[in-house]
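Chain naming follows the written order as A, B, C, D, E and F, and within any one chain the residues start at number 1.
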Amino acid sequence: MELLMQGATLMVIGMATVFAFLVLLIVAMNSSAGFFKKFAHLFPEEAPAAKKAPAAADPSAEIAVALAAIRAKRG
Amino acid sequence: MELLMQGATLMVIGMATVFAFLVLLIVAMNSSAGFFKKFAHLFPEEAPAAKKAPAAADPSAEIAVALAAIRAKRG
Amino acid sequence: MELLMQGATLMVIGMATVFAFLVLLIVAMNSSAGFFKKFAHLFPEEAPAAKKAPAAADPSAEIAVALAAIRAKRG
Amino acid sequence: MKKFITMGLLAAAIFGGAARVQAEDACCPAEKGAKAESHISIAKGFQKLGRETGIYRFFNPQTKEEKADAYRAALIKTVEAETSAGHFHGAMNQIHKAHGVEQALLDQLTLQVEEAEAAGYVPPASLPPGLGQFAMILVGLGLIFLAIKKGFEPLLLLPIGFGAILTNIPMAGISAGPMPGQPAGFLYYFYTVGVESGVFPLLIFMGVGAMTDFGPLLANPKTALLGAAAQFGIFIALLGAMAMGGLFSIEDAAAIGIIGGADGPTAIFLASRLSPNLLGAIAVAAYSYMALVPIIQPPIMRALTTKEERGIVMKQLRHVTKTEKIVFPLLVLVLCLLLLPSATPLIGMLMLGNLMKESTVVDRLSDTAQNALINIVTIMLGLAVGSKLAADKFLNVQTLGILALGLGAFVIGTAAGLLLAKLMNKMSKDQINPLIGSAGVSAVPMAARVSNKVGLEANPQNFLLMHAMGPNVAGVIGSAVAAGVLLALVG
Amino acid sequence: MKKFITMGLLAAAIFGGAARVQAEDACCPAEKGAKAESHISIAKGFQKLGRETGIYRFFNPQTKEEKADAYRAALIKTVEAETSAGHFHGAMNQIHKAHGVEQALLDQLTLQVEEAEAAGYVPPASLPPGLGQFAMILVGLGLIFLAIKKGFEPLLLLPIGFGAILTNIPMAGISAGPMPGQPAGFLYYFYTVGVESGVFPLLIFMGVGAMTDFGPLLANPKTALLGAAAQFGIFIALLGAMAMGGLFSIEDAAAIGIIGGADGPTAIFLASRLSPNLLGAIAVAAYSYMALVPIIQPPIMRALTTKEERGIVMKQLRHVTKTEKIVFPLLVLVLCLLLLPSATPLIGMLMLGNLMKESTVVDRLSDTAQNALINIVTIMLGLAVGSKLAADKFLNVQTLGILALGLGAFVIGTAAGLLLAKLMNKMSKDQINPLIGSAGVSAVPMAARVSNKVGLEANPQNFLLMHAMGPNVAGVIGSAVAAGVLLALVG
Amino acid sequence: MKKFITMGLLAAAIFGGAARVQAEDACCPAEKGAKAESHISIAKGFQKLGRETGIYRFFNPQTKEEKADAYRAALIKTVEAETSAGHFHGAMNQIHKAHGVEQALLDQLTLQVEEAEAAGYVPPASLPPGLGQFAMILVGLGLIFLAIKKGFEPLLLLPIGFGAILTNIPMAGISAGPMPGQPAGFLYYFYTVGVESGVFPLLIFMGVGAMTDFGPLLANPKTALLGAAAQFGIFIALLGAMAMGGLFSIEDAAAIGIIGGADGPTAIFLASRLSPNLLGAIAVAAYSYMALVPIIQPPIMRALTTKEERGIVMKQLRHVTKTEKIVFPLLVLVLCLLLLPSATPLIGMLMLGNLMKESTVVDRLSDTAQNALINIVTIMLGLAVGSKLAADKFLNVQTLGILALGLGAFVIGTAAGLLLAKLMNKMSKDQINPLIGSAGVSAVPMAARVSNKVGLEANPQNFLLMHAMGPNVAGVIGSAVAAGVLLALVG
């Protein structure tokens, strides 16, 4: 019987926590949606993708440009 | 001399085991071939490949279908 | 003050070693360039690439040839 | 001189051991061993091989005496090697260690058997050790069959099944711990390094995060409630396990309940911490029922909803911006660390994977997390989980209980999700199709597809897949939270 | 009988511990623990969860007593489990170990705090532990922001920032060492297995080698001198650290100096050997300044060169044969093993990667080293480095010193490279554009691109990229050599 | 007070060590060390660096005294750190450990040298330690040359050669075990974690399984006999090793014999278990002869067959169904566990890889096993094997014996396969081209290609490749079985 009581206790605490967590997450998601709707102009949709290019560690494009220029000059 | 005897013993046991194992494997392969020839109708050649599709964890195809349907309805 | 002396000592030894190493590397690179220029005929430019093919562990090409031959004979 | 010390050490080894085991055994194995090694005749060689075949050992499992002999022989060999190399201190260490921790393992074995016998309790399904191994090999083959022929979560069940076979091969010791001077079986390393430490399930969870799109949840946040409701199955199963008359401890019950989370890595992570002995059975149950979602859920879904409800077409999801998606994993992590730190290993790695994906600045890391890394870890995790499928831990009444409770957890979780969705449909201004509630159990993306399929049956224009992905991914977070609560209160 | 032994062991455990900690604490926690576990009421359960939330712990950090209690509870649990399984020897071992090494850790904690207080020294930026964790979580979020929004070396700074968050979550123990009978946090394993052993940075270096083309250096060997000159920043920063009135030991100073090498794996490798406590701050500084190279270098470059010098067009590089490229890594390795064996782990792995690439006979290994392997290791290394960002090791005046010295090292390295290039331009028959000197700091390939860009500003026909790659890759070798010298003399 | 304890501990450390080493050495190094560290003058710094260069150490290898000093210095440093942190117990532990296990290692070194000298035995090829390292670096360079220029199994021989160089760098300690308070060299971890545990060769074998098509064997099962016959070379080489007048123990002989299996992972796995000291030489011999198969085999093939026999065109292979291919790996595994459990780690992992491939339900796992995973493991395994190429273990008469015996094993295996194929050709109703017999040694797929090539010479219409793949893959199973027998009887 005591074991059952322990199980029931865990159930109450567990389900309450799960619901509390996800309710707070809903609040947070709604706030986030509101925030980014209000300040949409600060976060242009493609910004991070554009930021990505300079971060990429691949110099091949620039090298290709440089080589092409060199060849152009030579040739 | 005793070392040589030990080596010879290992050789006899080893080669006997290797041959025994592979002979039994031949028997098993022949039995397997016979079995699957006899019951070929139970194992259609493409069955496992067909089974694979639902197991693949890629929902993109279905999502694509769903989106297409949604757009069709909207448009 | 003693700490600073230690730091200065490390600096002298360190920079000297770095320069010594890279100067020796320059000598080695120049020697290597000279050597391979002088004996260029022994190291044809595409040699290693050509050596690569037999080392590749992919029998598919040969198998394809063999299968084609078999089919040719059959057909 | 050295010879003398060796003999002294050996004598110490033998008599030290003898005091604990049996007096008449103690004087002979060294001599026997020595003789056996110096003259292997052909007949004796075949006899030795014969006594080590699987077929012989299924019917004549290793006795306690044989195990003790093998152990002592390994010890003597090591001590001799150490001594002849001048490592007298090392030799002493070996003997000390051997008669301490390791000898205790053998003693424990003996004690456990004696206690169980003294208690008069024989688990109904128990088999003699050799036949138990044989039966477990059949179980392994069965899992492989289900994986290949029936498509039951093959990515995990094929390696688990194979690991079960390897583990139960007599005399091979593929999951056995180290012996003096000898390495352990390789599956022992996979288990201790990857599962006991929690690293493998967490890396898998990172890969899952990198494959998950939380967009549908962000587009319709309130569906997260369905992902909460569906965790009810976890706690009902826990309660059920506690009700089974002492069959399960509270740690066991918590680990069993988590099957209802329908989430493999979470189940393995929690079980490895709370109830390692049941890990094998729990993982098998979790993945099997996840594979069976398309069979388990539809009848419940049809029983608890009307045809009209199933035909409800939901409002199209709004567009979610890239920035929202990048902020989301950090939001969840911050919420979790503020409220439930014990869930942060799981939630954290899931969200790391998702952040790597959504940020798009580390695409090469995200790609590797979704491919090479998760695949490598999946192979090793599957084998390691399989290595816990020993006969005495699987072929017993507990496993039956776990299978029953796991099924119950799935059924109740499904029902709870559906019922809350029905309620929300009545209270919300936008219509909610109750069928998306069942997706809250997670089992991503299977459960969401089932919602979609059952929805299409009722109304061929009703595409629920994206709507069901919201509760589906919320269910992953929900069961990680439930695991965190259980770790904090039970662990 | 067994019960009796258990109680005896527990008594020994408690009193053994008591002798070292505090007498009045020692008798109670066992009882408290036992009670707490046997009757979890709903209220008490919520209370327990509440006391374990991050939000509570930011303001009420774990006290020494709570840590000791947790430790003792874990110990008692293990000893009970061992005893009830008949492992009396194992139980004794646990107690012995616990009161030895592990208890010493707690004692050390206490001592460190007391000593620091006795010394009257309070680091200016120090915060109470809980708020320190909170602040470090903000630091982690800041690093992630820089990585994603500003593109600061995201491959490393995103995982480092995430690792910093995970590490500083109160109560979660994600980087904590093992407790008796419990595994350590998973980041603890990443750190000890991958960073302490040196394996992760070396594998990254191998991947870097497989991605590096030493052709431009071979085509113009003398540019290697620029890669030497730019290491001057390392030693000036070292000197600066030594001058800071005892703030840094000589090991610390050496590890800080290497930031000026502008090479992540080298910095992490050296710091993990010489100054693990500063590893987090050093790695963050190194990667941040590498990301800031396009901002730090151009003003210095413009200040130290005339517009004419910047406009110098260099002679086109000669063709380098395949054989020369294959021989080069072996040449460097042989030179290094003859002259500076302490640098061979770093140089060796860099050159192994390069040899795999240039030989073209092991393309599949080279591809994996550049992709799957380096990506897997990068994720784990980043998290492990982040795990060293504990508040007490980062939020102090030392970190300010490290940031200042690191910046100085970059500036001076850049200037030294430029000045030597100017000198070489005057002495050499072929013209040398001084701008390629700044590329000698490494920060591959960012610094070479900066040289190219500044050169293009002065003369739109001036493509310096390939010319700058020579000093750039020489700088990688140069800082590995500097690291070798420091390891040999300081390590 | 603490200072006092430190000094006491140090005194204990020093005198404890002194009792075992030499009295006059024991009192000074602490002072020397302390002095050396507190005033590094420029001259002394260069002197220290100079004494640590490879070039100096090739001619002045580290003496026993220097090793003991280095060891003692590391110990003192650790003990001081522990003590100053309040870890008195930890410091005691360090001292205890250091004078136990670790000191024993030094003692062993001394003893081994003294014994060898006392025995009057100087291996013919032995060099002074420093020159031995130099010579081994040349051996490493030679292996790399063969790998790159001659295409000798570059995937393994390049990393092995590189590992040999790294291992033999004086003073760098790249494969050295841990010192007190310091990590081991990184190759030490690769070896212990990956090779000693058996994990690396088994993962490679899994990848090989995923790349192997057993279809040709299933189409013509009786060719499996050829894969059995070719293992004859293994046992002849074993016999030869036993005949070499005590040069090799029975474990060594078994490990050497397995070279004749022409299968890298099997050879490494068995050698790591039976004869770790010879592992390096055995692996090098195995891979070198595998690379030389196109040179070794053809003369034997031409000598033992007539032109007519070589021209025999074999009947086309039947179609093998998918189900047969899926069942095959399970069939082999079951047979192996019934008859020879000691071979199941090898056979099991080979068959797991093959099952993953053939089942087609876990393609992503199979792809990873064949690519990222096998490549990562190959790099690490190669380096780890190379780390066993120490001068004293390679530059001796044993290695000559191993090379000779390995060549003999290949020759005899080839001949045995051919002769049985000739016999089978005479007894069978379908004609069998004897050339496929030589493919039974494995060396997949090289040996099968050689059969094909020699066959084409005799008859341009004679495509033997697929026919030779049967014995070729059977040979892999055959040598794994032989390894299992040797493990069971000798291990």
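In the analysis below, a residue touches a chain if its C-beta (ideal position, glycine included) is under 8 Å from a C-beta of that chain, and two chains touch if they have at least 3 such contacts.
This one's a predicted model, so the numbers in the text were calculated from it and none came from an experiment.
Peer 1: Could you tell me the least number of steps, going only between chains that touch, from chain D to chain F?
Peer 2: The distance in steps between these two chains is 1.
Peer 1: What's the overlap between the neighbours of chain C and those of chain D?
Peer 2: E, F
Peer 1: Which pair, C-E or A-E, has more C-beta contacts?
Peer 2: Result of the comparison of C-E and A-E: C-E.
Peer 1: Out of B-D, A-D or A-E, which pair touches the same way C-E does, with over half the contact pairs the same?
Peer 2: Answer for the repeat of C-E: A-D.
Peer 1: Since chain A and chain B are copies of the same chain sequence, what is the angle of the rotation superposing the Cα atoms of one on the other, rounded to the nearest 5°?
Peer 2: The rotation relating chain A to chain B comes to 120 degrees.
Peer 1: How many angstrom between the C-alpha centroids of chain C and chain B?
Peer 2: So the centroids are 41 Å from each other.
Peer 1: How many Å are there between the centre of chain D and the centre of chain E, using C-alpha atoms for each centre?
Peer 2: Chain D and chain E have C-alpha centres separated by 33 Å.
Peer 1: Averaged over CA atoms, how far is the centre of chain B from the centre of chain F? Could you give it in whole Å?
Peer 2: For chain B versus chain F, the centre distance works out to 30 Å.
Peer 1: Residues touching two or more other chains, restricted to chain F: which are they?
Peer 2: As it turns out, chain F has residues touching two or more other chains at 40, 45, 49, 148, 151, 154-155, 326, 339-340, 359, 361, 371-372, 485, 489.
Peer 1: Indicate the residues of chain A shared as contacts by at least two other chains.
Peer 2: 6, 10, 13, 17, 48, 51-52, 55
Peer 1: Could you list each pair of chains that touch one another?
Peer 2: A-D, A-E, B-D, B-F, C-E, C-F, D-E, D-F, E-F
Peer 1: Can you name the residues of chain D that touch chain F in the complex?
Peer 2: 40, 45, 48-49, 52-55, 57, 85-90, 93, 137, 141, 144, 147-148, 151, 154-155, 158-159, 162, 165-166, 169-172, 174, 183-186, 189-190, 371-372, 375-376, 378-379, 383
Peer 1: Considering only the defined contacts, which chain C positions touch chain E in the complex?
Peer 2: 3-4, 6-8, 10-11, 13-15, 17-26, 28-30, 32-33, 36, 40, 43, 45-49, 51-52, 55
Peer 1: So in the complex, the part of chain F that touches chain D is made up of which residues?
Peer 2: 100-101, 103-105, 107-108, 110-112, 196-199, 202, 206, 326, 330, 333-334, 337-342, 344-345, 348, 352, 355-356, 359, 361-362, 364-365, 367-369, 371-373, 485, 488-489
Peer 1: Under the touch definition given earlier, write down the residues of chain F that touch chain B in their complex.
Peer 2: 217-218, 221-222, 224-225, 227-229, 231-232, 234-236, 238-239, 241-243, 246, 250, 253-254, 321-324, 326-328, 331-332, 335-336, 339-340, 359-361, 363, 474, 477-478, 481-482, 485-486, 489-490
Peer 1: Contact residues on chain D for chain B in the complex?
Peer 2: 39-42, 45-46, 49, 148-151, 153-155, 316, 445, 448-449, 452, 461, 463, 465-466
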